[in-house]
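What follows are several structures.
Note that chain A is present in both complexes that follow, paired respectively with chain B and with chain C.
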Partner chain A sequence: MKTILEAENEALKKRISELEAQLASRSNDASVTSQQPYPPPNAANKSEVKLSLEEYKRYGRQMILPEIGIEGQMSLKRSRVLIVGVGGLGCPAAAYLAGAGVGTLGVIDHDTVENSNLHRQIIHSTSRVGAPKVVSAITYLRDLNPHPNYVPHVEPLTTENALQIMAEYDLVLDCTDHPAIRYLINDVAVVMNIPIVSASALRTDGQLIVLNNPPGVGPCYRCVWPRPPPAESVVGCGEGGILGPVVGLMGIMQAIEAIKIITKNPARDIGRTTMTLFAAYGASPFRCLKMRGKKAGCVACGSPERVGEKITREGIEDGRMDYVAFCGGRAGMRELREDERVSVAEYKEVVDKGVEHLLLDVRDKTQFGICQLAGSLNIPFSEFEDSKHEDSEAEAIKSKFQDQPKDRPVYVICRLGNDSQIVTRQLKQAAIFPDDQVFDIKGGIAEWARSGIAGEFPEY
Partner chain B sequence: MGEQQDPSADEVGCKLISLNIEFSGGLEMLFSNQRSHRIQIPVKDSSEQPANVGFLVRHLCENLMKDKRKDLFVLEDRIRPGILVLINDADWELEGEEEYLIQDGDTILFVSTLHGG
Partner chain C sequence: MTAEDENSLISPEFFGQYSGVADDIHSTSRQVLSMAENNPTPTGTFKILYFAYASSHTKKSEELLPAPMQLSELFETLDKKYPRMKEKVLGSCMVTVNLEYVDMDTSEEKELKAGDEVGIIPPVSSG
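For the complex of A and B:
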C-alpha cells in the first residue's frame, strides 16, 4: 500500500515540476492575461490548442451538440478550472469536468480520504483510505481521462496562498464546507476577475449559485450574504448528516454550470443570477429563485461608502482579512473543569465495579437508535436547549428526572463530548443531583468506540 | 384548513389574507418539521398599517414557531444573517425587503444557507 502511494507521490512530484517549468516559460503572457477582462484569457489563443484523433472520438458525443460544437470543445481544452475541496461536491464535479476535456484541472484539498467519506465522495476508494484526497482524486481522474493537465495542491487554501494559486485559473468551483473559506474564495475571485460556481449541501437539501459572472457584473458571495451566519448556526455534514446522491447532484450541477460558462459566449448572454434549491424530500424538489443583482456598496465587488472597507488584493495578502474571526471562529469547547469530567476508561471502571449510577445520553433519537451503551437514558440535547427558554430552566430540567433516584452519580455522554459538557453544566446549575456527582464523559460515544475499551463498538 | 377564520381577527372586524409560508435548508425544523404552511394573517397590523414582511416575521415568531430557539430565525428583530427571504421565488431585496406589502396568495420562502460540501 505504502509503496503504491510513494510511487504515486513521486509521479505527482515529477508532474508538478514539469508543470512549474511550463508555467515559468509562460509566465510572461500569464502576467498580461490575468489583467485582461472577461472573457478568460484562453479565448485569445485559439490557435494554440488542437484535438488529437483520439480526442475527437472521446468528446464526439458532446461535440455534436450545437451548444458545444468544435468551438466549445476547444474552449474547454483551453480552460483552466480550479476545484476547491474534493469532497462530496468536488468529486463528481471533477470527474465530469475531466471527462468533458477541460485543459487544466487544479484540485486543492488538505484532507486525507476516510472511510466515512466513501458513501458520497465517489472518486476516492477503499484502497486509497489514508491517502491525500488530491492524490486519490487525480489517480482516478487520470485513469478516466489522461489528456487534461492535472495540478495537485495538497494544502489548505489560505490568505497566504490563495492569490498565487487562483491566478493560474479562469474559473473556480467552490466545493468547500465552511463559510470562512467561501468568503476567502469569493474575495480572491473578485480581485482576480474569476467567476465562481458555488454549491453546498446538508442532510437532504442542496443549493447552487453562480457568482461574479461575468466578473464585475453579476453579484458576488458578499452581495448575497453580506454578513456571515452566527457560528453556532453553521452545521457541517459530519454533525448534520448528508445523503450521498444529494451532494453528488449538486456537484454535478456545478460541472454543468462550469461547462456553460466555459463554452458560452458571455457577452451575448447575461441573464439574471438565479439560485437553485434542491430538496430531495420536498413536494417540488427543484426550485429556481430569482436573486438580487450586484450590490453597488459591496465591500468586495462594489464601492463601499467607507472606502477603507473595500477588500483589496493587498488587504488579503498582508493578512488584514481574518476570515475565521469574521465568521465567529470555531466553537472551542471549554465548558468544564478537569475534575468535572471523566475519561472513557474511568467510566468503564465505574461500570466494571458495578457502581449504581445514571448514564444520560443526550444524542438525538436517530443517533441513539444506531448504537447505545447498556442501561443509558436518552434525553436529547435539544430538550435541554429548549429548557433554557422556560420560565424556570431548573424546574424544566428537574421534571425530566422525576422517576430517577437522586442519590447516584450521573454520567453524561453525547457523540463527541461537546453537548454533554453543556448538559453537565445545566444539571449542576439545576441542583438536581449532588454537585460533585455529575460528570461529563470526555470524547463521547466516538471516543468510547475508538478506544476499543469495551470491545467492538460501532463508530459512525 | 386554509379557509378557517381566525376568531381573534374577526372580533376586531379585520380582514384576513391567505399566504403560503415555506421553509428550506433546515429552517423547517424550527417550524414543526413542516416545509410548507398555509396561513392567514390580518390585512393590517396592530397600528393599522398594511401587513408587510416585517409584520409577517413577527407574526410567524409569535404564532407559527413552536420551537423556543427564536434566535435561529430572528436576531435583533431582523431575520438572522444566513437566511434568505424569497417573495414569490424572487429575492426580497428586489421587492423592498421588510417593507414589501403582502398580497393575498403570496408565497414567502425562508431559506437557511447551507455550507456543507
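For the complex of A and C:
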C-alpha cells in the first residue's frame, strides 16, 4: 500500500511533467510568434535543464512571480554568469545570484580575505581571513545553494586570460575597483557580445548601469566615459572609505539587473538603458538617468572615424591594449629623493633622543581624530592642495606656520606616505624651513602601526 | 500607493517615481541635509549638481548658475570658476541635463534654461 509521501511524490512528478510539457509548447510558440532580434544571453547554451523537487520548493517564492515563472527559472538555471571581483559589490551579488539558482556562477579574484574587508564583504568570514576570496566565497555560496556549478578563478583578469575566461559566460558583473580593469572588461564583453552589469561605490554613494545590453545596441562603458579619470583622482575604498550597506546595495542591485536580463521577456521588456545614482545622505537618494544608445563613433562598440582606433579582439589578444597606461599608470608614486625621507624607525630615534622638531600630520580631520602621534600638528592635505590655486602658493603655505619656530626640523606624516611626499615637496619649494630640514616619513601612520615600533598603535 | 509599495525600496518603479523629484518618504532626511536641493530654482538660474570627484574639486554638491547658458560654454565657465577643473575633472565626466544624458563631444547646440538641472558625473571605479 502506498504511503502518503509516495502518493504526494507521484502527484508532484505528474505536475512537473505537465508543467514541462506546457513550457515546451510555450517556448515553441514564442519562437514562431516573436522573432527575437537579439537572443537572450543564454541562447547559446541550449542544453536541457531540469529542476529537482527540492529546487521547485527552493525557488518557489520567486517562481510564482509572473516576472520569473518556470521559464525564468529555467533561464536562470541555463545561464552562466561571471562575477569579476568578489569584494563589497561581488559578495552580495554572488549570494543573491547563487540563491536565485543561476546554473553556472564563475567567480574571479586574485585577492585574499582581510579583516578590514568584513564590514562589507559579507560572504567572507573572520575564520577565513587569509584565504583566497574566491575560495572563501564559494564556501559560503555552496552552503547557501549547492545546486549551481561554481567555477573558481583564483587569478586577476588580464588581457592574457580575459577572452578565454569570458568566453565561458553569457553575462558579466563588473564588481571591480579600478578603471583599468573596467575598460578591459568592457572591451572584451563588447567583442564577445556579452552584456555587463556594472556598479561602483565609494564613501556613501554608488553608481549602477547595465552596459552593452542588448549587445551592439545599448551603450558600453566607453560610450559613457570615453576618457578615464585622471590617475590622481582615482580613490579606492581603502583611502576614501566606504559605508558597508552602500556598496552592498549596489551589489544587490547588480543581482536584480542580472536576473532581469537573464529572465527577460523580449515581448514585455523594453530595453532602455538607465544609470542609477545612489547617495545615502542625499536629499533624493536615488536618481535615475536616461542614457542614449551606443555612440556611433565609439572606439569599442561603434565605428570610429579613424578606423585604426577601433578596438578588436585581435588587438586585445596581441596585447596591443595597455589598460594600465591608458588609465594613467599605476598608483604609488615617488616624489622625493631618498635623503629627503626617513623611515619610521629613524623618526622614532628623533623622538627618543628628544630632538626639538615639528611633526606635521596632513591627514584629514576625521582620520586625525581616530589616532595620532603625540605632539603632532594637523594641517590637512586638502589645505595644501587649495594653496595651489592662491596667487602665491608659498605665501598661502607660509601663513599656516606663522606661530611655528622656523629653525627646527619638520617631519611630515600622512596615512600611507603619498600625500606627505607632496606636502614635503611644497614645503621645500615655499622655503619656510631650511631646505635640508624637511623630511617625509616613509609609509606614514600605517607603517608606524605595522612596524610596532612604538608598541600598540591602531591600524585602520 | 500602498504601505507595501513603500517598502519595496528597490523596485524599478521606485526609481521612476522618486528620481530627482520631491517625495514624502525622505522628508526627514531632506530637512537634515541639503535644504536647497528640492527648493524651486530661483528665476534666471539653473541648478548644477556635482558628484564624486567633481564635488571634491568644487567643494560643494550643488549650486546655482545664471541661465540661459549655451551647453557648449558650460565647461569653460566652470573651468574659470574652479581652476583646472576641465583638465582634472570635466574631461572624464558624463553630463546630464534634466536627468538625461547629453553628449559633450558632439557640437550639438543646446541651451541651458532657467530651472534646468545639470549633473556632472565622474566615473567612480571603486567597489
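General remarks:
Operating definition for what follows: the second predicted complex is superposed on the first by the 408 of 460 C-alpha atoms of A that agree within 3 Å, B and C clash if a C-alpha of one lies under 4 Å from a C-alpha of the other, contacts with A are read in each partner's own complex, and residues count from 1 in each chain.
We take it that a residue touches a chain if its C-beta (ideal position, glycine included) is under 8 Å from a C-beta of that chain, and two chains touch if they have at least 3 such contacts.
Worth saying up front: this structure is predicted, and the values here are computed from it rather than measured.
In the three-chain model built by superposing on chain A, chain B clashes with chain C.
In the superposition on chain A, A:Gly88 makes contact with both chain B and chain C.
In the superposition on chain A, A:His178 makes contact with both chain B and chain C. Of the two partner chains, neither chain B nor chain C is touched by A:Val342. Look at A:Ala98: by the touch rule set out above, it reaches neither chain B nor chain C. Applying the stated contact rule after C-alpha superposition, one finds that A:Ile138 touches neither chain B nor chain C.
Of the two partner chains, both chain B and chain C are touched by A:Val224.
In the superposition on chain A, A:Thr276 makes contact with chain C only, not with chain B.
Overlap of the chain B and chain C interfaces on chain A: residues 85, 87-90, 175-179, 182, 199-202, 205-207, 224-230, 233-237, 240, 242, 247, 250, 275, 277, 279, 282-283, 287-292, 389. Chain contact summary for the complex, chain B toward chain A: residues 24-26, 35-36, 67-69, 71-72, 75, 80-84, 86, 89-91, 93-94, 109, 111-117. Against chain B, in their complex, chain A makes its touches with residues 85, 87-90, 174-179, 182, 199-203, 205-207, 224-230, 233-237, 240, 242, 247, 250, 275, 277, 279, 282-283, 287-292, 385-386, 388-390. Remark: chain C residues 10, 14-16, 18-23, 26, 29-30, 33-35, 37-38, 51-53, 56, 61, 83-84, 87-89, 91-92, 94, 96, 99-101, 103, 105, 119, 121-127 touch chain A in the complex. Partner chain C is touched in their complex by these residues of chain A: 85, 87-90, 175-179, 182, 199-202, 205-207, 224-230, 232-237, 240, 242, 247, 249-253, 256, 274-277, 279, 281-292, 295, 389.
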